[in-house]
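Presented sequentially are two complexes of chain A, the first with chain B as partner and the second with chain C.
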Partner chain A sequence: MKERLMEILSDIRPDVDFESETALIDDNILESFDIIELVSRLNAEFDIEISPKDLTADNFNSASAMESLVASLQEDED
Partner chain B sequence: MEKNVLEWLEAKALEHADKTVYEDMTESLSFGDLIDEAKSIGSALASKELSGKPVAVMMKRSVHTISAYLGVVYSGRAYAPIDITQPASRIARQLATLDPDAVISDDDAQTDVSPAKLMTFSSLVSCKKDEAELQRIRSRMTDDEPLYIIFTSGSSGRPKGVVTSHHSLMCYIRAYADMMEISEDDRFCAQAPLDYIAAIRDIYLPLLRGAYTFICPKEYFMQPGVLFDIMNEKQITCVGWSTSALCVLSKLNALKEEPPAYLKKICFSGSVMPSSVLRGWQESLKEARFVNQYGPTEVTASCTYHKLDHVAEEDEKIPVGIPYEGYRVFLLGDDDKEVMTGGLGEICIAGPAVALGYYNDPVQTEKAFVQNPLNPSYREIIYRTGDIGRFREDGILEFHGRRDRQIKHMGHRVELDEIESAAVALDGVEEAAALYDSDKETLWLFYIGASEEREVIRGLREKIPGFMVPRKVKKAEDLPRLANGKTDMVRLNAMMKEGA
Partner chain C sequence: MMDASEFMNCMARWWEQLSYTSWMYFALFLPLVMIIYQACRGRGRRIVLLLSGWFFFASLSGFLLAVNVLTSLFVYFLGRKLEAISLDKSLKKKERKKKKKLCLFWGVVILLSVIVGFKYLDFIGLNIVRITQAVGIAYDWKMLDLIAPAGISYYTLEAIAYLSDVYWEKIKAEDSVLNMFLFMSFFAKLIVGPISRYPECEKLFEGQSIRLIDVEEGYQRILWGLFKKLVIADQLAPGVNSLYSGDYMDGGVALLAAVMFTIQEYMDFSGAIDIAIGSARVFGVRLHENFRQPFFAKNASDFWRRWHITLGRFFRDYIFYPISFAPSVTKLAGGVSKKIGRKIGRFVTPAIALFFVWISNGLWHGARWTYVFYGMYYFVLILIENILEEPFAKLLAKLKLRETSPAVRIFRYVKLFFIVIIGEMFFRADTLGKGFEMFKKIFTDLRFDMVIKHIQDIGIDRYGYFAAVTGIIVVSVVETLKEAGIPVRKKIEAIPLPVRFAFWYCCIFAVILFGAYGAGYDVEDLVYAQF
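After this line comes the complex of A and B, so read on.
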């Protein structure tokens, strides 16, 4: 999953180092249209539904936080 | 009638000195605090040996940034807000156009500005107030003097600084406050960056009516739950947001949540509102009033408004409405004759809200701020928007796109030419063409050159703000050509629509 996530991220924002950034939202690195695209691609790619309540800085500040979010939503599905 | 915005502040500071006027995530200012800070800054600037040139303000999103703006006004000068989040090269071009007397920064700011001009906020705000000097400055000021200089995208890559007078600002803010029936009980939630034209409502409405503004963090606008929670906590009653902010929240399914409980008045502007998005908001906030607003920075934010009187229907085009009090709006045809009801023409604006021009840029000023072609008898400057409009039988104005290559993207005004000139300035890009897919709200760039697509994106991020960097960047062997060798934009547009 990590690999596919990193692919999507670097596709949306090739200029950002997603391995090291830990304040993608709080430092305004990701912009609102990045998030729109990201949410729709994560939903499609991992067959999940990210709800408005999941859209928090804590869940999107780093690639590993996003990975945990996707994993927890996939568990809910099962 | 007042002739200086500071008179609004002074009246409200007398009326309720202890009431909070601005609040951000860490600090708040009462009307009393605000006037103290502004007067100290004004006195400090007045005590220095400076010419009468503008003062740039390069500060983060905070209540003190507004104190700095008003402090500059107390010193008898115009303030020029500079977006500190944009690339350094663009800041440098804005400062070069401005040639400011001084630059006010946060204490911890990292900038390339020469130290002689740089002044920190804390060094200014700690100065003693010199009431006599401030009074002397005020007594010599007139209401047609510049209040602020706000930068917008320029087609050649040269930023355009729109100069606006006290009189124009007061004309617009009064008209807006009347239209939206703003009272001292209203509580605003600021979405726009403080350097952006839309912020003038969040800054000046509280001064006119004694209301309150919460300066909301930018990142909350992509966290719908967090945003709505804080709007409830701050009991927000009224917002003036970009159409794009409402669209983003709607796309992030914000309207599946309980909407903000106190919100009663919503004004949106900046780009065409899709009827489906508006309908969603109207159905979510059934009791709220919705207003569409239209107009450029050059006529002090807006010139027309349209109060929605029904829930938007599928594919309904939302008109831009009727002129605000104090604005004259009319259409000119290609022959410079007036276009009457039913016809398409360029939207032109006359009246006291027309800006003074572009700072240090007579060439661009003369192109857009022109003698009214309908008036051969005396000097009357109008602003030609470059937008196309049509008046309906009932006198309501509709928006029908642009004459040139300016687009509206994510609430920002963008000149496609500025993107192209930034691209060709990169190593490894020979030629570039920028386009906008308005249906998908996506910027495209086709280019010829040795650079790889990712390198071009990285390069652009160092030259232009993030919202201007195209999402789709395509390298091409050659661009489609017309017989004369120019780029065939129609074919390129078709390539874009096909997904290239």
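After this line comes the complex of A and C, so read on.
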């Protein structure tokens, strides 16, 4: 899953080092336009439904936080 | 001895003067609340803060207090209801969601109806008259001339955010009605915000003892706010009023008016926010910042992440994202993307959501076409900016220029300067027609010979200019240092005690000497208190 996630992230924002960044939201690195695209692609790719309630800084501050979010939503779907 | 009627008159006068910038507020009201608060314990402290907020409200209008109390009760019970549905395991997940959605929908509709009733009915009525006249139908609208309760635009948004968060189960519904009353009427954020989230105010409910460090830092922040408001904004206010209401207008004068208003508005609003944040800090409550050096922004989107931050984050979290993820919008965007390709198609969803954000932003400021235009102006600019971002980055790469190179930065600052100035020009204009007239003059009648004459003749004397310009320089230096990551207040803290005291005394004297206080001056109403 991580590989696909990293591919999507670097496709949306090739200028960001997603391996090391841990404050993507807090430091305004990811902007709201990026979030919209990211969420729609994550939903399609992983067959999940990210809703506005999941849009917290904690869930999107780093690639690993996003990975956990996707995993937990996939579990919910099951 | 003062007799009873004199005493009552005196009290009534004081009441009328209770605003954030009056001596009454920070030299009497706030210290008195602090003393009584500290003398009480536990629940008593919350009651003191609540009664202080209600007293503040009542000093503005008893009716306003009634609206606030009823709204608080409504939000409290609706929050409890939403939570009860979430916990009702006898319902299926889908049923729960449906019931909750209905509950939230009607809650938001009712909250918005109150605000629409007070602020927008005349506007709607008058525009219906215009339309009916245009199509030849006789219809008349009798003006209601309702005065919107102060603070209603702020606490209504706080209430909507609270209910949405309970709906999404991000927070638990408040079970103490006292806490809900306090959240909705805390005097520090009553008039101009910052628009706060429920968890940010939880410190309020703890009733912790007042700490000296909080009082010191809180009052320093209040002093800084007074400096911006009284030494800069209020000194410029008569000039701005005179320029906007004057008969003469050329391009240079239009630019002067817009620049002066932008400075006045920033100093007025951010100064009031400093006083609000400082007042809350005294009680150990840290309200969210509302400004972060906005004039250092790299573009319009970035500007709005630094200017009126709490309004921007409200629109982002409760309008932009929910609309972006609405099934009908994603379906529409998906369909369009398939037809025109992902490159442009990816902007469809944000464009739809952004439109609703900016029409709401415009209308939030009030029922005027100038505000609607202001919202649409930023909608178009921010959308274009996002679409052009990639081509612009490619162009820079071709020219072998980096984002951080001085030429690019200067280009961005100049561009932002004009974007903000033009936006504020329309925002302050009495009518949309006047705004367009000013805008047109910049291109058709740009001359500067009359600017000097106007500077000398708009009701600001040399003393006022000296105070305002010195103030602007001081604020600019502080903001530049903050942007560079230098914590100015902490640096001042590190200075030896006598020098530090001398510094703060100088600030107090600057406010007294150069502030638009005393005989011959009227403290201007806070610009953002009217929204």
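Keep in mind that, in the parts below, the second predicted complex is superposed on the first by the 78 of 78 C-alpha atoms of A that agree within 3 Å, B and C clash if a C-alpha of one lies under 4 Å from a C-alpha of the other, contacts with A are read in each partner's own complex, and residues count from 1 in each chain.
Heads up, the rule we're going with is that a residue touches a chain if its C-beta (ideal position, glycine included) is under 8 Å from a C-beta of that chain, and two chains touch if they have at least 3 such contacts.
The model shown is predicted, which means the values in this text are computed figures rather than measured ones.
Q: With both structures superposed, pick whichever of chain B and chain C touches the larger number of chain A residues.
A: B
Q: In the overlaid three-chain picture, which partner chain does A:33 touch, first (chain B) or second (chain C), both, or neither?
A: both
Q: Between chain B and chain C, whom does A:57 touch in the aligned arrangement: first, second, both, or neither?
A: first
Q: By the touch definition at the top of the document, which applies to A:25: first (chain B), second (chain C), both, or neither?
A: First partner only, chain B.
Q: For chain A, which residues belong to both interfaces, chain B and chain C?
A: 28, 31-33, 35-37, 39, 51-53, 55-56
Q: Would you mind writing out the residues of chain C in touch with chain A in their complex?
A: 168-170, 301-302, 305, 316-317, 320-322, 324-325, 330, 333, 346-347, 349-350, 353, 386
Q: Please give the residue numbers of chain B that touch chain A in the complex, ascending.
A: Result: residues 85, 218-219, 221-226, 245, 248, 251-254, 256-257, 410, 441, 453-454, 457-458, 461, 466-467, 471 of chain B touch chain A.
Q: Name, in rising order, each residue of chain A that touches chain B in their complex.
A: 14-15, 25-26, 28, 30-33, 35-37, 39, 51-53, 55-57
Q: Residues of chain A touching chain C in their complex?
A: Touch residues, chain A against chain C: 28, 31-33, 35-37, 39-40, 50-53, 55-56.
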